[in-house]
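Going in written order, the chains are labelled A, B, C and D, and every chain counts its residues from 1.
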């Protein structure tokens, strides 16, 4: 369950996205709450999806991505009010689904890693990822070596 | 700005609604965060609106309520994991707007009070509150004496 | 990654905990947001921890549980304002860590499952789970057959 | 209850603070939720307090600010994923309390205004604002003409 070493380096991820922490993210232990951490990964995924699939592409294919599975490894505490930096990239591309790999960083420390499986749907059921989107995802594969 | 004495008593409010606190509501001071407190009042208002305006009435008139103004007085700290009890009633009924008065209670203590102005719209602009809805709101006026 | 069949039944879990949904949990797709779903599992884990470890036991050993790893499978949509019911139990007990298995249900449907690894610490570093706590966790093992 | 005209202009406020919106802030109506809006004002107040009261000053006097009263006027909808800009300044300085006036802006539009009464305490009861802090607050008064 321990993440591989390359996952702990920001350089691994083709996309980075900065999200300021909020006072509301804190819990009584004085660090950012475990559930609140989920929102930082979500912002990174949204940023990746906006970059990979243009609004035109989404509309043309009626694309609607749903999340099927999320795993988060908690490696270190995160604090307020520093920014968090989310690194995101693609780990795997299937027929209608793809896996986003992410690392979360604060002040140079790796706070945690996450993998999320997203499924492209037509709003009702799984649908193949359009060729143009597949190319975009391929260009965003994480560096594994 | 200090609330009137009758506003600090749960009996003042014709509707009560119980909302459990969540660990996520806490902040580093160990009490429920000021912004998170807003969600308890919101649940109380939603409950009042569902009771005052049936789904049929809403659909028939294309009713969509928007919030124009919220005031919250913070009187005491609230903790986890006890429930919070929201008392809600109507303070004022206008042509297209109405004011909800609320009190928030935990373990018998009054945590705070709130007043919120809601405006009925047709989805675009203010619209008169339908007669049937006006009757429902009138039946939910808070007791002031 | 697909959960085993017995994990989709509320009867599998020795503890159940009911958490009302909140309007704030909703996202623009009209269902409860993926990150917000994390809070329901968190409430279930807090409930289990309060049942397994008395305040006296925690104080005597300076116990502080930290979360190391969370996995969530999203199986169906959840809506507002219905309650969510979290089923929780123990999947595995190690020296200083233990795994909580959970199922999330709404109106009889299984919305998803989760596994979370918690580590007992003395506030600084991992510490053995006290014998009394180990007994409590053992009594809360999920039913696997 | 309608805010004065000068409150709708960012130039009125001596401090500005940018807070990105999050997907989680959205509600089923597709705009940023009314309660979530409270978090943007909170970030602006935190920023003002950090600028007005140094950590040394806070420690020397055991200062702990608590919120007594918040008013929010909702003037327009806010959307995702644009940033929100919070303008903050001081409206009034009392013996132990002070009022922060704020305006919230997105893409040049004023989304709303807020006033919050904060009370300086020694952790238990109201305490006079130290002279050095009083000077800092005075330097942050909003422009009213």
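Definition applied: a residue touches a chain if its C-beta (ideal position, glycine included) is under 8 Å from a C-beta of that chain, and two chains touch if they have at least 3 such contacts.
Source: prediction; values computed, not measured.
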Chain of greatest Cα-centre distance to chain B: A
Of A-C and C-D, whichever chain pair has more C-beta contact pairs: A-C
Intercentroid distance (Cα basis), chain C paired with chain B, Å: 31
Centre-to-centre distance between chain C and chain A (centres being mean Cα positions), rounded to whole Å: 23
Centroid distance [mean C-alpha coordinates] between chain D and chain C, Å: 37
Residues of chain D whose C-beta touches two or more other chains: 23-24, 35, 39, 42
List of chain B residues in touch with chain C within their complex: 19-20, 22-24, 39, 42-43, 46, 50, 81
Residue ranges of chain B in contact with chain D within the complex: 1, 34-35, 38-39, 42, 66-74, 117
Partner chain C, residues of chain D touching it in the complex: 23-24, 26-30, 33, 35-36
